[in-house]
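Below, subunit A partners subunit B and then partners subunit C, in two separate complexes.
Moving on, here comes the complex of A and B:
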């Protein structure tokens, strides 16, 4: 009994913040998603937001852009992160500390600072990327005027920032594989490549699934990159993401009901994709 | 081919792949530093500029005039320090409760904490904004900048794990001696969990220092802005020079990089916490 009371004392401050600033807002967001909030006073009209989702071309565009970014960026980054982790784990590697620093440093760089640098580097007229392309005889690109190129900039930027984070997690996974498994395989004459495919990859699967799920959730919420690098989702909405769309609806035109409906759609999408991913990974091992 | 020669070849291949990649990855940070030192007309130079120049202070002066940047750095430090201290206290206490006591509703609390961990932030931020800015009219206040983002479920799990690793006999002995539960937590358990607290503090500080969306919504007055918000407001404004924006980027980034180099072990264990058990 006494113990009980103490537990609540220790939990109270955290739960108070949680209930006030998270739980209540989440419930409230769901509630207001059923209200037409474009005019005062708000009127209960579920179809105003949930119905609009089905027919709004701007929402469809943001959803499509977000899914395209996710489908290209996440596998690219996870593959590169796995490769990096294997290389960083190699006993042959020199200057290990410097290498770790090089790939992990972007994680601590401020989002706004990195957005500024990428915007400057990819500037069409004087950006260093176009100068580099020119110097090796390739055509310069109008990065922020072409929809495809602008999407590519965002994919490169996000990959630059997060690949090291994933590589470090996968590296920790690699290092937790007991060495005697490889020892036994070597004695049985299994080649290095075969060891990688039949020992390393299966044992890394849970870690890779974890990284994939985190990356999917992250990529669904991209906001700073289209907001600052491609200047509010430009050109002409070609890089508008769900995160940016919610920001505009919520804090640009203060249509809180619609913004909430979109946010819950995003949450549902994130949950569905995460579960699917975990399920798919299970299926193959069984 | 003997083993030695093969290893040599593998090592060469490895470095042929990883060294160029590392250079590409370090390049944007180096470029940021270089550009922060460039005079305004350097942007029109056809050359690829890779060596720092001498105009850092001039660019800084310009940044200071445009955005009152030092003030916003001060705001960022203040918010991050208070946020980190409060968040460590809250998550440690909650982690301690989950690790050490059996109580009614324990499963429910754990489920809530876990359940909200993967929830997209956008679900929360809209009503949070309505409540804080509209209902309570707390826009441009320290309270609004610091308190609503305090909830952090990863921190609770992290601290719970750390407390579970400590020998419970020690706490039982202290209890028998009549030491109060608060004192056991504060003077026995917290010091023993110091490495975890250090790692958690770094993650929380970094989160607060880099946080952008919430302060963007809450700090609309220039003297209440945090540094990322002030810097973000300059990006894309044509009269603001890239040199001064890069100075702002350097001031946001380099302190964290130095901290990272100095405390790499804590950084990595903090940031990858919960990933690998």
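Moving on, here comes the complex of A and C:
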């Protein structure tokens, strides 16, 4: 008891900061999610926000966009990252350090700067992408006016930014696979492709699961890309993610109660997905 | 050790000195684009009356001012400047959510006599909780700004464009006669601005005048949305918002811009070398003999409640907005349409403008003012635009059977978001 008291004395600065800046906002946000906050004064009316969630097409749209992004972008990026890692690990590769840095570099670039560059690249009239498409005889696209094309831009942008980061983590995993496994396979006459499918991928599984979990959480929180590249989730909300929707409800139209309710729904979704991931990973190790 | 102390002392003294020298008052103002430019002119006469006051105008951009005002008000007013610019249609959300963030101008001297000098439709959005939070600045009578040469190439006489069907027919001819030119421009995929202007012209708006009901589910709104669809289906609209519109104006790739009168200054100052090539005509109407006027945009100035200089800030507001001379100056230099009605009786309005090919554009723009039907922004304008832009793109992509279905769905969604009944 006495020892505990001392421990809490020393923990107090952290606990105080934690309680003020983490715990209290979380509790308070949960509290105001039960209030109708459209106009002053706020009144207690749980169905105003939690009821609206169930029938709001704008919320359904944001949830759908977030899930589409997650389901398409995460597997695409992890597959690319794995391929990239294998290539970066190749003994044939020259200037290895430079290559690894080059693929990692996008993470270092400021989000605002890279968003501006992507916006320019995909500009309908002056963008380099449309010039390229035109030069090989393909039709030019109005990237930011078509809902599908805009979503594709977001997927490409996020993939470009994070694929190298994941590749470096997977590369570390690759290098921890003992060489004698491959040597034995070679002696048994196993082809390179079969080595990749039957040795590399299974032994990489824990690393890939780790990258997938991180990427899923990242895609649930996606905000900067649709905010800046497709101009606040445009066209007409076609790339509005849950993160953007919360921002719009809270800081666009001042409906903090509803924003809190959506935020807690998002947290619940993230928790569910994490539990599923842990469960899936445990299944395999058992 | 001693040296550091001396150094630190010198630093403190160095910092303190300029402040001591500037014992005078500084008024900071947040604004955007030509609005910011127009607030910075006419200062010598203000300086004469208030020699110890310096006014600093920060040009932040329209969305940035809104975002920063909101963040500041949510933080109890921390970080607000003395004076902020606020768009009329997005103003009410501040008064309703943060009743104490901005100063009541009435005790500062904004009395009934002074209010009576402004266009009456500007005031309801600036008043709430029995206070007046802002002083009207400009208004936005909508007109069509067009390239004379492109219309001539196609043999189109703007005087012959009376209805929106005429406009679409003319647009096809203009596009055929001018390679690489699109008839008009709007970010119809992310912004219902064209719908809002045409609906206002057609006597329809999101909310009732007293902001207690949703009036979007009406034939007049469906007709307006259908005009947007027809223009889009005829490929007369190229995508683009504020920045893209300026780019295309400079590059000469768009033949017509539909915007509030305040866009006059933006075209004139950005495309100086196109003098004589531009002209103005009235909005087409939905049916022959229908209304040909709408209001889009227009702003006001408010004072932060926590400003230490509310009285001097109010003097600044009066100097810029409540004097005909100043309002006429802003009109002449930047094309901002005064909402101070006494400023409209100036000779300048009747003068032919060289840039506009000798047309007396201001006479043509301002004569629509009395016909404009006010449309209230309400505290829910942000919800309305977001819902309408999503519904608009769905409608343009064939997601509804008819414009009537589209506006009915938008009205239902808006009712859900705001809690107001659909009328």
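In the analysis below, the second predicted complex is superposed on the first by the 256 of 286 C-alpha atoms of A that agree within 3 Å, B and C clash if a C-alpha of one lies under 4 Å from a C-alpha of the other, contacts with A are read in each partner's own complex, and residues count from 1 in each chain.
Criterion: a contact is a pair of C-beta atoms (placed from the backbone, for glycine too) under 8 Å apart; a residue touches a chain by one contact, two chains touch by 3 or more.
Being a predicted model, the structure only gives us computed values, none of them experimental.
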item: Subunit B versus subunit C as contact partner of A:34, first or second or both or neither; value: neither
item: Touched partner set for A:252, first subunit B, second subunit C, both or neither; value: second
item: A:122 touches, of subunit B and subunit C: first, second, both or neither?; value: neither
item: Partner chain in contact with A:162 - subunit B first, subunit C second, else both or neither; value: neither
item: Touching partner for A:55 - first (subunit B), second (subunit C), both, neither; value: second
item: Partner chain in contact with A:231 - subunit B first, subunit C second, else both or neither; value: both
item: Touched partner set for A:266, first subunit B, second subunit C, both or neither; value: first
item: Those residues of subunit A which subunit B touches in one complex and subunit C touches in the other; value: 231, 251
item: Contacting residues of subunit A [partner subunit C, same complex]; value: 36, 38-40, 48, 52, 55-58, 61, 124-125, 142, 144-147, 231-232, 234-238, 248, 251-255
item: Touching residues on subunit C, where the partner in the complex is subunit A; value: 67, 70-71, 74, 93, 96-97, 99, 187, 189-190, 239, 241, 253, 379-380, 382-383, 386-387, 389-394, 397, 413, 416-419
item: Subunit A-touching residues of subunit B, taken from the complex the two chains share; value: 7, 10-11, 14-15, 17-18, 21-23, 25-26, 28-29, 31-32, 35, 43-44, 46-49, 89-91, 93-94, 96-98, 100-104, 106, 109, 112, 116, 118-131, 147-148, 150-151, 156, 181-182, 185, 206, 209-210, 212-213, 217, 228-229, 231-232, 235-236, 242, 245-246, 248-250, 252-253, 256-257, 259-261, 264, 267-268, 271-272, 275-276
item: Subunit B-touching residues of subunit A, taken from the complex the two chains share; value: 3-4, 6-11, 13-15, 17-18, 21-26, 28-29, 32, 84, 87-88, 90, 92-94, 97-121, 126, 128, 131-132, 135, 160, 164-165, 168-169, 172-173, 176, 207, 210-211, 213, 217, 220-221, 223-224, 228, 231, 242-243, 246-247, 250-251, 256, 259-260, 262-264, 266-267, 270-271, 274
